[in-house]
Every structure is written in structure tokens, then in C-alpha cells.
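Order of writing sets the chain letters: A, B, C, D and E. Residues in each chain are counted from 1.
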């Protein structure tokens, strides 16, 4: 069996839970929630990559020199990724609103006018 | 002007997009003309960059904030990017005129912003030299695309958009995981540096990372079976947006995938990844062409055709040879022109006759002769008739494919091409030899646009050398990774 | 039956994929120093940007392009939501007015929330936070207003114009850099003039300026999204 | 550098485009005609050069492919056939073409065919090949969608097979020009020959490669030549277009396939194919296959031609059958056979061209195509009838005609090559040819004339000129086959067939066309004397015939117009149940259904399924990564 | 070709001889048939009388130029075919054309007859034409195979050489393969000279002489003459190919009559086939035998 950190495990587990929701849930909103969970998992994964044992946040105020800080880049990336996630979710939700208006349902199996 | 002004390519659309609300507050009518202005400016800037890159023969490295890579993010406007940024800008310019006729649904100001941002996203994706920045631009592109797909606000549009979002969301998540793995292994995000260090990655991690990156991009690049969103989105999106999808959005994805593929070529399992992409590309071509065969909606039919052509390009890019990449780039250019032409014409018909159903095309030759002529030339070009541009790139692709030994792939895509010929020719028959109707006055501006594209198709078809040279240079830009690394002025951080 | 089959298939699938990811990640050791470019940032952040928050410095300065893109993404979201939910005439349809506690609390808290948000983005280069959290905080204030008052609406036009102007200013700041330092998004304030002392409020080059802009922008955009989502089209239209 | 070659090549298409753009009645005909005359004139001008064995080359670079076009002894022969037919086509089209569209694509295919014949590298060969397919397809599309699609699909399958072949050659040799590739093949053939003797060498092309190449190119050329079983497009396509154009279409375009087989399969890779594929009963296997394809094509197409009820279809099947003769002759693998094939290329072009012009004239004047609607036109269109008779005599292989000379060579070649069954096919085929041309004669020209054809006029002058050219050529080359044979000998750089202008001497046979002609004339004169000696004849109408004592009125139809060869169909009923055409149609239908199923099940509209696709890809990646 | 007086005389003499003998053959045919059927039959010279009578008719009708030209062409072609055969010691033009040419020339008269018949406009004639052509189609395959067998065996197309080789090595029919070929050829021969069971083309009782139906007067006379010449040429052809040719006219005549009698016997035994039966028949046994013959001689 492989050795894997709990943080990684947690992040991957979140991603997989999200994927599971997307693959199984019939309700559109639940699928979107699944997507969000995936994004969260990815963000967690990303940020846990930057962690270095025993170091603190990369704010170089008193007592924390360049050698005492964790990798700042993943944090910056995650900041961006979160915003992107928010944007996607917002878009998805507004599309869902329209869908509900036009189809009267959020069941994914009934939203199938475009096919073939 | 120094090369850093190439950053205007990003700045112009962005600042203009932000300016739109201000303009709208002043006069709502000014929005569309403003769009024309901006795209014209962008085209001018892109033309300047293009000229600069191709005359000096050196790429322009835009370093944001004066930080040398890998510390800062750099834009790498090499031969490929210069060429494609120009295509993006020029197509957008044409579309900004096309918008007048096709976009009637409010709110137009929002549409204008999204339009500019889609252009921006594609430009950025093509130009960037940083893998995370690529992700950001990819998201800009795709979120704009989601919004624009649903722009018509019909049920179909929202449905298509939703499909696109879910698949795109999954794709981008996994892409990000890929980034995480790469960053975690190498500690850098700069593509040139990744290329330098890729060989030192742990084989398993590298394989997974590369696979995930390609997976994420393949969703954007419409490779089967990750392209299920594409026909719906193409069909439901407003016509200019469809043109953009086909002409450059998907190309940006393809380019990004190709770029990542080649910079990671020292990864152990590189060849297997290539083979995988070849298989997917071949399947893309096959499935898309067969799906288009009985299509009753012409726009959707052409969408399928577009997907299949994308498969062609992906096939060429994944061959792993210089010839293949050159051919792929050449096909990208040709496909951008031809599909822009087709979608513009079909969209125009749909606007004038109330839908892109096959029935509306009966007697089109008599009703809208210029449009019908454009569709004809476009279709013939796609089929690969000589004297039209696609012929050359298809020929190149097949030669390159067999050269690598993928005779089966070449055979399969050619079979698919036969199918393609069938449905296009059926369309042509419907247009010219069936039905009739009263003449419709065609818009002069659109006629001019279409004829311009027709002229391009024919000129490249008759004299392909110029574009082929461009494509060769652009192909070398993608393929020659050593040169790429050399071109990026990496500062010696860590390396 | 089908559902069970599907579920079990899904579970098997995600287990395999998860296992694969785990295997891949196991080669990216956790908690170890893998920094390459990161270390460079930590070493030079103070003298090169004048900020002590390395993350902020990276976000705004070193990787300014990302942030520009990020702002754009949010802008797209707001525009997109606006475009999708656009109706010729829209109204709020909330029926139940907020309770006394809520309304009073909101009235009382709103200025502080805004202030706090402002604080966050102004001090972005010194403390954790920055434009995005700050803007989000401000938007929470407006959300509170929406929840408390059934008729409340943000001043759309003003918000939209602000959004645009602020965004333009951001790009303009970048372009000024291009003019002064001949690099886009060049930190002309710090690198040219070295304004301020490291660790104090007036430092960090253009980080505070950009964060203020971002804060405003995020605030207005998120508020706009909230507004759009809360309203519904009046019947008979579209 | 501009020499004759580019002029010959590009004048027609330029003229076509001009005619299409201007599209003024009168002007477009003039331009089109000019576009067809100029190549002929220039080709005649360069005749002394090519006859000397020199060649004229025109090279250009397009898309960084080096292309070259050469007129040499070989290519000139095909080019002049194409050009003359093109000229007659243009003459015909002056009368029959109603729009610039026809001129554009007819002349485009003119250029394309010349390009195919003169190309010296695979790129230009393929380019013009495609152009040719496309132009001819457009000519058919205007008249019939189904026929044109069938034609196009098969052609494109062929073209793509060729493309694969080209790509394979390119992959192995890195070259695209014929000269280099020929050298590589020649060298490789030697090595293969050596390795057969126990000497080990690394070969450029393996046996599998050669089998692939042979299949690819044979498919490509077979489609265009209309070889069995890829012939099904031909009858429909030949008939569903402007009949003046069919002159060219059937007379020349099908020869492109023959040219390809001759040039690529035989001259370029013949030796290599021979060594790689081995022999069968002493014949090189690949030639044996070609010969049998030819033989089957002859028999099948001729049988079907006999049974047709439509004038155009009959001629179309006949075209297919005649091309079968050419393939068969090539398949004999002897110099004599090749000579016969080349000669038959010429004679088929001129007699079938003549046939189609006659058909064009008839259809133009009557507007009918089915045999049951015709009759008694000989009186109304005597010159056309005379020309039709020449064509009939030539096709049926009546001695002093071009058709006989070439057929005779093929007989000799096939029998001498010890391919008796194949030769038997020729006997059968020529009897069938006899049968179907008689049908042509009877239904069109003789018998009782339907009353609605009473005011039919003689064919228009340009058409008559076109027919005249071809008719005279038929007779000239028939009486003096040496003219052609002498030229063909130059191709082989040795006298394959000796003799003089009138006499052909093969190793084991002779044919003196002039003496046959003279004796025939003498015989006719003798018979004529007998006739003159007899009492004067009184002319009576056609209906005034013996009818077992039954008086017949004018309205009573005395001609057998429908199902003329019914008994044959009855004798063949077992075989007629099977049809390749139907087979292909069904195949097409099947693939369309398949496409439907695929489309509906893959793109089923459910985004969850789509997500599953993604998951499956991930799963595959995962399995591949983990395992 | 230089003008050769001797050749001209030979040609004229041979034509007269052949025509005369051809008529006699026709007479023999009728007489023998009658004798077999236990009738008296007309005198052997009856065809000559018939022909002269027809030629002497005061008036004949014509359906147009082709109607007249058809028989003339047919006769001309028959004469041509005849003159290219090496008849005994008379080589005539035979060095100018070989087996294939002659085989073709022997079919050309058919075209003339067809032309004339078709232009007559009589449906029976048309039927005759159809039957004639179908018979030809049917018989051509075995016919071709027989000829191929000959050529393959002797390795030459030249009739003169074939005759010479037979004179040296013995008759063709002594070779087993060529015997088979001869059998095939003999079956075909019935059809060539229009006798039962393959007299489908004229089928007197069914379609009233088919192609010849409309003809009377001088045209009919020409057709009779043509038939005579053709009969002579074909029997000679048979003799040349299989019976070792001849060194003088008498020998040739004997062989021709022998051939003729075989044909007559066969004809009087078998009833007429319908046309599709004929086709099926020809494509079955004669073809198979022919294939065996050619494969044996490869």
C-alpha cells in the first residue's frame, strides 16, 4: 500500500466525493454542488502541496524570515482558484435558474432537448 | 516600440471591456460600434506584433511587472502565438461587424463585454508562458463561453451551457490537479522551466500530471469522448459566438494541449500519451463525421464537422514530428478561415430565414446567392477539394501521419472524410438544385465579409506557400522545445 | 436496480481514479521543502515589492497577470449572470420583511462591515487578506441589506459604472507601468520611487492601490450577482 | 519559365472561369471553345519535340511541394487524346451547354485531366486527380444527386486510397517525385530479386507494403477506370450529365485510371511488385489480377449494357466494358499487350466520344433518352446517323475501323500471353458489344418513327463538326493503324509491332488494314454491281411491310422498343439477382443507420452520461497509470 | 500493293467458284435434308435457279438506303472474309490477315443483314435480328475458346502457317485437346450456318424467315448469294482449322462437304432450341469442353 499524507487523502477524497455526486445525482443542483466540492478538494490539494513541516505563514513580519515561511505560491494560486470557482458556480446557478424557468424541472434526465 | 507593448494585446480588450458599462451609461447604441473599434485596434496591435515577430524571427517575451521568468509571468509571443493572436483579433473584428446583424437579444452591453473577454481569453491562452496563467486564461475563456452559450436565454441555450459547464468544470478541476502535481514536483510554474526540468520528475507523478493536464485541455479541445458538450454549445450559442468557438477558442485549447505535450516530452511515458491522443483524435474524427451524416440542423451538422476537423488537427499535433505539427498548425489556420466562413454564412441564413434547419436551405442558391456561394466554397474546401486551402493541410496531415506509421489512423480519418463529403454535398444539392423562393436582399457588409473569407480560402488554395511558411515557423515554435527554452530569458532560480 | 448498478460502478470508478491520484501524489511528498521559485519570493519580497505579505506580493506583483485574469473572471461572472438573468423589467419578489432584530442589526452593522472590508483590502500587503476577501466582506454587507429590506436595491447604474471604471483603473495602473517602466504591470510606485517603509501602511508599491481597486470591484460585482440572483422577472416579459 | 506546358495546362480552366464569370450567351461559348482549341494546337506544336524523345518540363513550387509537369512521349500520347476529346466536347457543348456552370466544370476537368497525365510527382498527380473528380462530380450533381453522390463517394474512396498509398511511398522513400520514386523502386526490385536468391538485403518496401500499395493504387485507379466491382458509379454518372461532357467524361476521365495503372503500378513499381508478389502460373501475380479484373469487367459490363433500356445507360455500361479491355490488355504483361492497351485507349476515346456526341445530338433534338421513345431517326438526322454508324462499326470491331485495330492487338496479346480464359472473355465481350450496338442502331435510327419525332432536325453544326473530327479519326486510324503503332513503338523504344502504316505485324499475326479495306470495298462494289444489275427498286414507307396479311395503320407501332433482349435476361435471371450496385446501396444504407445509432447513443443529451464519458477516460488513464 | 494480274484472276476465279459451290452446298443441304426426311427434295441446283429468278424480277421494293445497303454490305463482307482465307493452293490475301481478322470478318456480314433487316421496320425482322445477335452472344464464348485452343496449340495466328503445320504434323483433330475444340467448334458451327438446333435466327415457321422476311427481288438474290459465299467460307474455315486445310480445291471440297454433312445430320436430328435455351446450352457444355481444351493447350 502507498504512503500518503492525510491532507492529500482528504483532498482526494473530497474530489472523489464531488465526482461521485456528478456521476450519480440526478438533480442538477446536486451535481453543481458536487462540482463545487471537487473544486474545494482541488484547492485543498493545491494548498497542502505548499505546506512545509514546521514553518509558518509567509508573512514576513517580525521573527519570520525567508527561511521560516512555507511556500507562498500555492496560496496565491488557491486564491485565484477560489475566485474562479465562485465565478463558475455563479454562472452555473444562473443557468440553472433559466433551466428551471424553461423546463420546469432540474432533473438532468429531462433536460435533454439537445441531442443527437 | 519595444516588444513589451505586445502586452497591449491583453490590455486593450480588457480595458475596453471594463469601459463598456461606462459607454452604456452614456449611450446604449454606441456599444456595438465601440466593439468594432476595439477589435480593429486589437487587430492592428496583433498585426504589429505579427510583423515584429516574423520580421525579426525572434519571439516577443512580455514580462509582466519587469519580473523575469520564472519569477514573473511571461507572455511568450512566438511565431505560433503571433500568428494566432492575429487570427483571433481579425476574426473577432469580422464578427464585430457580424454582430450588428445577428445579436438582437438584450442586454447587448453585456454581450459586448463577454465578446471582448472571450477574445481576450483565447489570446491569453495562446500567448501565455506560465502554466497556471494558462489555467486562468482557460477559465476566462470557458466561463465567458458558458455565459455566451446561454446568452440567447432559451431553454436549449441554458441546457447547452449547463452541459458545457459541468464537463468544463470537471475538466478544469483535473487540470488543476495536474498543475498541482507538476508544481509539487518541480516547484515552478513557468513552462520553459518545466520543459527544462521535466525529465527530472518522478515517472509516476509525471505521467499522471501530464495525463491530467492533457485531459483537462482535451475537454476544451473537443476530443472524443470529452466533446459531448460541443455540438450542443455550437448549436445553441449565438451565431458569432459559434464562429468564435470554432475559429479560435478550440484552437487555443488545442494549442495549449500541444504546447504542454511538447514541453513535457522528456517525461518517460510521453510516447504512450501521444498514442492515446492519436487514438482519441481518430475517434473524434470518426464519431463526429458519422454523427453529422443525418443531421437535419445545418448549424449542428457543421458543428460536428468542425469537431471532426479538430480531431484532424489533434491527430497531426500528436504525431510527435515536426511535419505533423506543421501540418496541424496549417490545418488550424485553414480551419479557422473555413469554419468562420461556414458558420457566418449559416448563421446569417438562420437569422434571415428563421432557423438553421435543412428545410430553410432549400433553394438558397436563388434566394441568397452570395451566402449560398460562400457556403458552397466553404463546404468544398472542408471536403478537401484541390484549389481550396484545406486540401493542402489535409494532404500534409495524411503524409505526416503515415510517415509516423499510423497508417490505420490515416485510413480511418480518410473514411470519415468520405462521410464528410457526403453530407456536405447533400447540403450543396439542397442549396442549389432543390426548391426555390423569393430573393432576399443580402447585407452588403456581410457579403463583403463572406467574400473576403472566400477569397482567402481560394488564395491559400491556389498559392499556399505563404501560409505554409507561416505554419512551418509556427510549428517549429511548438515543436522545437530546446529553442523555446532558450528563447525564454529564465533567471537562474533554482535551476 | 439501475441506480444501484450505477452507484456501484461510480464507486468503483472513483476508487480507481482516487487510487491513481493518490499514487501520483505519493510521489509529491507532503510537508517537505520543494520550493524553487517560492524561495526566491520569500528572499526578495521585501526589497523588491515593499510588502511583507509574500502571498499578496505574489498575487499582485509577481504574478500580476493571474490576478488581472482573476478579476476578469469575476467580472465575467457578474456580467454573465447579469446577461443570463436579464429581463426587461425585474423586481424583487421577497414577501416576508426582515424582523426587527435583523433590520436594526443590519442598519447598525452595515457601516462596520463595509469599514472592515475596506480595512482588509487596504492592509492587504501587511496582513492576511487583500482585495478579494475585502470585497467579499463588503458584498456581505449588501447581502445583509437585501435580506433585511424587501424593497432594497443597490444603485445599479452606479455600481456598474464603478465596476467598469475600477477595472479600467486597474488596467490603467498596469499601462502606466508600461509607459514608465516599459513593462506592463510594472510596479512603478515602488520600483521607481520606493515610496514608504516596509511594514508600514504606506508601503508595498502599488499593491494597496490595486487592492483597493480590486476590493471595490469585487464588492460591487458580488453585490451585483446577489442582486441579479435575488430578483425575478415580472410576468409577461420574455 | 513559361513554356508550352503551363499554357496547355491552364488555358482551359482559365477559359472556364472566364466563361463562368461572364456567362453571356455567345461569349462563353467562344471563350470555352478557345480554351479547348489552344491546348490541342499547342500539343500539336510540340509533337516534333516529343516524337524525338525529348521532353518539355514545367516546374513550380506550391506549398513547398515541388511540382513538375512533363510532356514526353508517354504523356503526350494521353494528353493529345484528352485534348482532342476535349475539343470535341467543347464543340458539343456549344450546342448543349446551357450555362456557364457547365463550361466551368467541363473545362476544369479538362485542365485536371491534362494535369493528371503530365504530372511528374505525386502531389500534383493527386491534386489534379481530386480536381478532376470534383469537376466531373459537379457536372453530375447538377443533373442527379444520387448518381453524383455515388460517383463521388466511390471516387473519393479511391482518391483517399491513393493518398494512403502516396503517403506510404513518401514515408518509405521521403520523395514525392516520380523520378526518384521510380529509382527507389527499381533498386528495391533488384534487391528483392537478389534476396529471393538467398542474398539478404534491407528492403525499402516489405512484401506487406507492396500488397498495401497495390491494393491502394488499384482501388484508386480501378474506381476511376470503372473496373469491376467498383464500376457501379459509372452508368449513372455517365448518363446523368450533359452528354457532350460525357464525351470527355467517359472518353478521357476513365483513361486517367488506366494511365494511373499503366504509369504507377506498371512503369513505376511493376518490377518491385513482380518480385514481391511473385507469380501465378508464370504470370506476375499482380498483372494476373489486373487481367482478371479487366476480363470480368468486360463480361459483366457488356451483359448489363445489352440489357439496358436507356440509351445513355447502354453506352455507359459499354464504356465500362471497353475500359475492361484496356485493363485486360495491360494485365497480359507483354509489350504487345501494352501496345494494345495504349491503342485501345485511343480508339475507345474516339469511338466512345463519337457515340456520346451522337447521343448528345439525339437527346438535344428529341429530349428523350429511353429506347422505347425513339425510332426512325436515320431519315431525320442522316449525318448524325452516319457518324453513329461509324461509331458502331468501330466499337463492334468491324475491320477497317480504329476499334478493330486495337481490339485485334488485344486479342493477339491475350492469346499469346497464354491467358485463354481471359481471351475468351474478349470473345464473349465483343459479341455482346455487337449485340448492344445493334440495339442502339435499331431503336434509334430504324423502324417506325413515333409521330412526335416527326419534326426533329439535324444536329447543330458545332456538334456535327465535333462528330466529324472523331469520325474521320476513327476511319483514319482504322485504315492506317500504323500511325498510332509507330508512335507507340517510340514509347517502348523498340518496335513491338512492325509493319508499315497500313500493316501491323505482331510476332505471330498480321493485319493489313488497307488490304482489308480495299477488299471490302471491292466486295461491296461487286455486290453493288449485282444490285445495279437488278430492276429498279420502289421506295415504300416503313409501315408497308409484310404483316401476315394484316393491314397496319400509321398509328400501329411495329417496332420492338422495349425489352429487346428479354430472352437474354431470362437466360441470365440467376445472375441478375445479384447486383453490386444494390450491394453498395445497402452498405451505404447500413452505414447511415449505423451513424444514426451512433449519434443517438453517444450524444444522447444527458449530461450525466457525458460526465460518465469523462469518468471513463479518467478511469482508462488511471488503469493505464496504475497497472 | 502492286497490281498483280494473277492475283486478280485468282480472285475472280475463286469468287465464281465459291459462289457456285456455295449454291451447290445450299442445294445439297436442302436435298439431303429432304432425303433424310424421306422427301424427294428439289434438285441440287435449285438455289441457283431461285436466285436467278429473284434477280430477274421486274420490280422490288425498298425501305430506304440502308435497307438496300445492308445486303450489299453483307455480301461484300462475305466476299472479303472469303478472300482472306487460304483456300487450298490459292493463298489470295491470306498473308495480310490472320485468324482473328478472319474470325471477325466472318461475323461482319451478320451486321449487314441486321442493318437491312432493321431498317425494314418489320417486327419479325427485328425479332430475327434479336435472335441472331443473341445466338451470336451465346455461341461466341465457346467459339472463342475453340479458336484460342487452336492458336495456343500452333503458336501462330496465321492461317497459312496453321495449315502448313497441320500438313506436317497431321490434322488438328488428331490432337486430343483440339479434338475437343473441334467438337465445340462443330456445335457452334451449327449456329454459324444457321441450321437446327440453332436456326433460331430465321426460324421459318415462327418468324417467317426473320431478317430476310421483307426482302424480295434483287435484294433477296444478293442475300442468297451472300449466304452461298458465307457457307463456302465457313466450311472452308472449318476445314482449314481442324481438317488440315487442303492442297487443292478438290481436297478442300471433299472436306467441306464432309463438314456440311455432319452439320446436316446434326440439324436433322435435333429440334430447334428457344433462344434462352440456346444461350444456357452454349454456356454449359461447349464452354466447359472449350475450357478444358484451352487449358490442355496452354
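Definition applied: a residue touches a chain if its C-beta (ideal position, glycine included) is under 8 Å from a C-beta of that chain, and two chains touch if they have at least 3 such contacts.
The structure displayed is predicted, hence computed values, not measured ones.
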Partner chains that chain A and chain B have in common: C, D
Per Cα centroids, the chain farthest from chain A: E
Most distant chain from chain C, judged by the mean position of its C-alpha atoms: E
Mean-CA-position distance for chain C and chain A (Å): 16
Chain centre separation (chain B, chain C; CA means) in Å: 29
Where chain A and chain E are represented by their mean Cα positions, the distance between them in whole Å: 97
Centre-to-centre distance between chain E and chain B (centres being mean Cα positions), rounded to whole Å: 77
Per-residue overlap in chain A, given as positions that touch at least 2 other chains: 15, 19, 22-23, 31, 45, 49, 71, 73, 77, 80, 84, 87-88, 91, 94-95, 98, 111-114, 116
Per-residue overlap in chain B, given as positions that touch at least 2 other chains: 132, 136, 139, 143, 146-147, 150, 153, 158, 162-163, 166, 170, 177, 180, 184, 187, 189, 204, 207-208, 231-232, 291, 295
Where chain D touches two or more other chains, by residue: 599, 603, 605, 607, 611, 615-616, 618, 621, 625
Touching pairs - complete list by chain label: A-B, A-C, A-D, B-C, B-D, C-D, D-E
Complex contact set, residues of chain A against chain B: 15, 18-19, 22, 28, 31-32, 35, 38-39, 41-42, 45-46, 49, 71, 73-74, 77, 80-81, 84, 87-88, 91-92, 94-96, 98-99, 102-103, 111-114, 116
Residue ranges of chain D in contact with chain C within the complex: 615-616, 618-619, 621-623, 625-626
Residues of chain D that touch chain E when the two form their complex: 306, 376, 378-379, 393, 396-399, 404, 408, 411-412, 415, 418, 420-421, 423-424, 426-428, 430-432, 434-435, 438, 441-442, 445-448, 503, 506, 508-512, 514-516, 518-528, 530-531, 533-548, 558-560, 564-565, 567-568, 570-572
Complex interface listing, chain C residues touching chain A: 3, 6-7, 10-11, 13-15, 17-18, 21-23, 25-26, 28, 30-35, 37-39, 41-43, 45-46, 52-55, 57-59, 63, 66-67, 69-70, 73-74, 76-78, 80-81, 84-85, 126-128, 130, 132, 199, 225, 228-229
Of all residues in chain A, those that touch chain C in their complex: 2-5, 7-9, 12-13, 15-16, 19-20, 23-24, 45, 48-53, 57-61, 66-67, 69, 71-73, 75-77, 79-80, 82-84, 86-88, 90-91, 93-95, 97-98
